[in-house]
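Have a look at the structure below, then the notes.
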Amino acid sequence: MTAALLPDRIDFDGPFPPQSRRLRLGIVGSGRIAAMQVTAARLSGRWDILAGALSSDPEKARPRDETWYLDPARCYASFDEMAKQEAALDDGVDAVMITTPNHLHYPAACAFLEQGIDVLCDKPLTNERSEADDLLARTRETGQVFGVSYVMSCSPRVRQARELVEKGTVGTINQIHVEFMQDWMTPAEVADADHVKWRLDPAKSGKTSCVGDIGTHAAHLARFVSGLALAELRADFHVCGAPKPLEDTAFMNLLFAEHVPGQSSGAAANQVPGTLMVTRLAPGNRGGLRLRIFGSRGGIAWDLEHCDQLKVSIWGQPDQLMTRGHGHGVSPATERLLHSARGFGEGILEAWANLYTEFALAVAARRDGISPPDDWLSFPQVSDGAQGVAFVDAAFRSHQAGGQWEAV
Amino acid sequence: MTAALLPDRIDFDGPFPPQSRRLRLGIVGSGRIAAMQVTAARLSGRWDILAGALSSDPEKARPRDETWYLDPARCYASFDEMAKQEAALDDGVDAVMITTPNHLHYPAACAFLEQGIDVLCDKPLTNERSEADDLLARTRETGQVFGVSYVMSCSPRVRQARELVEKGTVGTINQIHVEFMQDWMTPAEVADADHVKWRLDPAKSGKTSCVGDIGTHAAHLARFVSGLALAELRADFHVCGAPKPLEDTAFMNLLFAEHVPGQSSGAAANQVPGTLMVTRLAPGNRGGLRLRIFGSRGGIAWDLEHCDQLKVSIWGQPDQLMTRGHGHGVSPATERLLHSARGFGEGILEAWANLYTEFALAVAARRDGISPPDDWLSFPQVSDGAQGVAFVDAAFRSHQAGGQWEAV
Amino acid sequence: MTAALLPDRIDFDGPFPPQSRRLRLGIVGSGRIAAMQVTAARLSGRWDILAGALSSDPEKARPRDETWYLDPARCYASFDEMAKQEAALDDGVDAVMITTPNHLHYPAACAFLEQGIDVLCDKPLTNERSEADDLLARTRETGQVFGVSYVMSCSPRVRQARELVEKGTVGTINQIHVEFMQDWMTPAEVADADHVKWRLDPAKSGKTSCVGDIGTHAAHLARFVSGLALAELRADFHVCGAPKPLEDTAFMNLLFAEHVPGQSSGAAANQVPGTLMVTRLAPGNRGGLRLRIFGSRGGIAWDLEHCDQLKVSIWGQPDQLMTRGHGHGVSPATERLLHSARGFGEGILEAWANLYTEFALAVAARRDGISPPDDWLSFPQVSDGAQGVAFVDAAFRSHQAGGQWEAV
Amino acid sequence: MTAALLPDRIDFDGPFPPQSRRLRLGIVGSGRIAAMQVTAARLSGRWDILAGALSSDPEKARPRDETWYLDPARCYASFDEMAKQEAALDDGVDAVMITTPNHLHYPAACAFLEQGIDVLCDKPLTNERSEADDLLARTRETGQVFGVSYVMSCSPRVRQARELVEKGTVGTINQIHVEFMQDWMTPAEVADADHVKWRLDPAKSGKTSCVGDIGTHAAHLARFVSGLALAELRADFHVCGAPKPLEDTAFMNLLFAEHVPGQSSGAAANQVPGTLMVTRLAPGNRGGLRLRIFGSRGGIAWDLEHCDQLKVSIWGQPDQLMTRGHGHGVSPATERLLHSARGFGEGILEAWANLYTEFALAVAARRDGISPPDDWLSFPQVSDGAQGVAFVDAAFRSHQAGGQWEAV
């Protein structure tokens, strides 16, 4: 780690610079999301995946070890062991991804942070606000890099949307609508599947199931693109399919507020109303995360199911579609996130790869003692994770109280 | 009126029968909606438009008189005069359309009902529940035909959607989402336009503005397709654009219940949650009335902006698109509502024409003393109008009470 | 006919003016296309449909007579009889629509022209070029109004497309692609249906079947929007489905040329290449008439299956969608053709109604001795019909000659 | 290479098996397509990219060396040197990708084949038929693995399309239409860009420019999905934009024939007509490779611009959309090619990764002395490349001869 990872001279407005070597990544967890992230980390070109604590059950861990070509000597039975042993290696991992069930995010993250290893953690960040606050405090103190996987914010079209909103393309925002509709829980029997069970177990999933899982994605996306803070909400949780211990559906009303540091967010004059809906029982919707922002001059609409397309509507002009590749109004900061030759669409894996690229740059910059520019730090971080936990907490409180307004 | 209007022998499952003569229609009102309805009534082929009380201001009335080729002797200065004089004619109008500002719907409807003239009235039916109840009572007593212009329920794809739901294609419904998003109020100055002013004046528009106008469309559509009654709701009204005396935006949570006659609708076990959103400030949305119904087997989605298309998603199968014309899974009852040779798309005017066709058949049948089959009476009627008024009333009460649940 | 039909003072740039009375329309033919046109003529608000020669077989004619509420005294057994009798009436028809099988277009048109009655004729105009030339000569001599039903050119978005091309939005045109793909002949047995048989009979349909039927639509659309003349083509005809005496599919290469009066159109320097495809055996395509024009600055795309939408792509800018109603970049000349309140989509019937509106204005203007402005005469006329016949003729010659280039 | 690369027991119908180690890949070329392939090879998880002959100009090569983290000792100045040196290493590359300008494909491929190194080569395979035939002969003799980058055939939806056609979903094919429309050559000045110049230089690009580049993609896709051989074609080449030495646009008529080994392909009874269009001057089209196949029972449509979607239309049924992820009618062989958790769309990189996965399996299988099943060999190979060269040759001959029919 003595040689600089980033070049001496960086053009901060240009393409992202290469590193002097690939960074070393470890894996905690072995489910489908872990598999997608391994693929994405490789796609980014900036990481070698070298070590893992894939499962306490070696029978479960082995197939993944083999698929991912991990060094058997660096496949550990627990994250604690992994953290300690990797920290002791000269070429130990620079960072880990944590994709365990929710209740293990906090202890796993602590184990690695304590060893000086940077972390990219799945959402919701933790099941308790106090845990999230603690992670936030720790990283503030140490300066460690801590990413949280609100990956849609790394999609090129989402970045373009945020940039357009910031530039005033839609004028003053007056409404924000976001929904995440999936269909995979439609058959009653899916609740019994291994990879689903823990999501319905409050001891593992936390106070909520789909609110923490996909609701936090929706809330983050709305905040990220609008640039507004989520001030208050009220929520109704529902079990729409077969009976189950946690909600599979939730509808919320939101109030956003301009984020004025040092001031209460609830000032009526600035409040922007919105709605949020999440459900896993919406046949015809596979990954229907959809954001619409309306303002005094125009509106934007983005849909994860057509993630490479952004609709921009300016009052008095024809609707515009920004899509597929460079040029045609695509901004330089957006182009930096595109992988394919122009004209070819991109999917969700490419957004994941962007997260791993920006996370790598932040890890490399910290090691080089460089301050990266703000727009290199657009990827979701521990503070976003903590806001997500606060969102889950407020939604749960509101639901418990019959849907009354709660501050986030 | 002595000769039978409908043929002796009707094939009730076949195409709609012709009448022995065109029916005679009068117009009350002269705005854009009146113009669209005149066009649609002609498109239906079943009406001659002969008389009108277009405006108390002759300067306003004249251009319309001329465009619509009304007999100058049958252009009246008031609906009262029109009702009386037309009733006295041998060939007076069989029915009138009422498209005045909301507060005049009730007195105008009464004037014509009292003269034995059937009515097709714009929505919301009335500004007060008592008025709606009175109209319902009057027509129950007299058997007069009274349609209300929830015209989307006459779109062929909406009818097909209802039929599919009824047949169990989506299984047991567990969620209903409906929204009506328009953009026309985006520029602040539009509030001052002549055809808009009355919509923001509580004395004319009633307790609400967009809730009565487009919210009742949305609520009717959800009930019509799902076959479920709207039991309870809670509502937040917003003014998202320039300051104005009535809401331009509203978000609601809904609870539907299976309609079991003689039983309270709120039985928890049967309740189906849903959402409803309406706004006139959504740039990029022109006529965005969108319905989604999700059930245990599948889901359907319809969007007025692509009104000739119905998306049907059955769990485990590819999504289906039902569209443009006959065949390809289109039901006979839907085909009856199609105007164009197969392959050609249809718009909103054709749905209006279907309303005028079914209204004509009901008027003709009443005169012939025939009971039309239920599916000829699928067009929205005074009971639907009264439910719309109850919906507006409940939404207003809920908003006033800070968004608490109210029975509809 | 002595009173002026059009107002004294017309704002030629404004909305189309009303007439002092509805014009009187007669019908020759009784098939599906006739039914659609009757509906459209009524939709236009400018015509009363009063007389007809629907079928030489009274059993076939009666149901239509009744549906269309024709005066039984004005239902004739032949077009010859109809032409003579109507001409003798004080309130005889001002014009007729001709929707017979192709081989009767010419004699029927002649019968009415000779009696001073204006004509709107289905396409292809005639089966022989000499017949088309004769009709062109006759109307040039008499000044009679003669429309031909290339109805897509009356769709608002097609008009907008033409206007954009004319203004230079796409720059210099360098390619034109047009196709008309339908699926209705997919089942082999459909060839035996009554309304199909004549289309496969050379004695009635002419030298071609689908080339004359839908190919001429495609060719007209390409010429109309591009403003370029079709100079040369080469064609391959195919029978893709069950064996039949005439083609059900054809593929052509086209060369367009700037129309320079008095000069040969084939000057190489100005030639713009293109393609044309027509087939009735394309499952998944109902009314797939699609036009794409590419130029040095941008491109446009229009699809009849989504006829209320126009895609405009300018190099270096996001794609634009012009759709649904007024404003948002829609030109005044396009707005004049819209029927629905803003926000609501329109279908093919509305385009037909526009044809009947512009035809009515031309008929009225001729009777008033007024010269309507050029853009009132955008509807397809006998010269367009004659060009369509020349196109069919050239395509047939090319196919016969093994696909060699032929001048149109 | 002594240890087996593939597991002892393979479930040939199940997911693709892991290898015992990543294979070693070298790069010849350094352009945009090379960059995309490096990314894709990493995405596949089956390759380490270790060596390269990126450019004869070290200034051009270095940035790529660094971005791709190649070992400087294994960055060579020429492909000849690379082939020899890598072959001499114990851990030399197992295979190379060749992405040079077209005229170098042949000598580069020969250099590596001679050293026993497998090859994945860009298209068109060679500029001369004799060269393509030679490569085909060499690999037949040695059994070496030789892939060609017709990558769209590795898109999951294209595979599903092929499977549906094979199963008879569309019935007997009677038409095939394919086009590849791009817009990037719209601005005249782009012809002078470094990465474009060679594409317009006959000495490097060969007899054609866009026909060899994107035309061969289109032709391969049509053959791959239909399962039919391309028997004859006729072609017109055009220069639609600024003057240039090779075509930027071409339109072709095609005749396909059922591939009956040992029999002339041109037997009239079996011929299926089609069309092929390619252009780089189609504003609004970025990567518009579109295939439509129509048959006696139905049709399919696929568009690279929405590559994760397949439209399937069966006569008499609603259109179907197969999209995004597992289930819902997606076949097991298609699922094997999906990377993302269900519900998330995929782009072109994932198709490239599938090509690298299947290429890896073939390379590993050859080394293990295993015969992989046919459906592991669906990726495009040297025989497909040779057919592509024959297609280019026939198209050029036809164009030279004024568009006459030529056998492929």
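Going in written order, the chains are labelled A, B, C and D, and every chain counts its residues from 1.
Assume a residue touches a chain if its C-beta (ideal position, glycine included) is under 8 Å from a C-beta of that chain, and two chains touch if they have at least 3 such contacts.
None of the values given here were measured: they were computed from a predicted structure.
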item: Touching chain A and also chain D, the following chains; value: B, C
item: Chain at maximum distance from chain C, centres defined as averaged CA atoms; value: A
item: Chain A and chain C, separation of their C-alpha mean positions in angstrom; value: 55
item: Cα-centroid distance, chain A relative to chain B, in whole angstrom; value: 44
item: Multi-chain contact residues (two or more partners), chain A; value: 183, 312, 315, 319, 323
item: Of chain A, residues touching chain B in the complex; value: 170, 174-175, 177, 183, 186-188, 234, 236, 238, 240-241, 249, 251, 253, 273, 275, 277, 279, 281-285, 292, 294-301, 311-315, 319, 403
item: Contact set on chain C toward chain B in their complex; value: 18, 21-22, 32-33, 36, 38-39, 42-43, 45, 66-69, 182-184, 286-287, 304-308, 323-325, 339-350
item: Complex interface listing, chain D residues touching chain B; value: 312, 315-323, 327-329
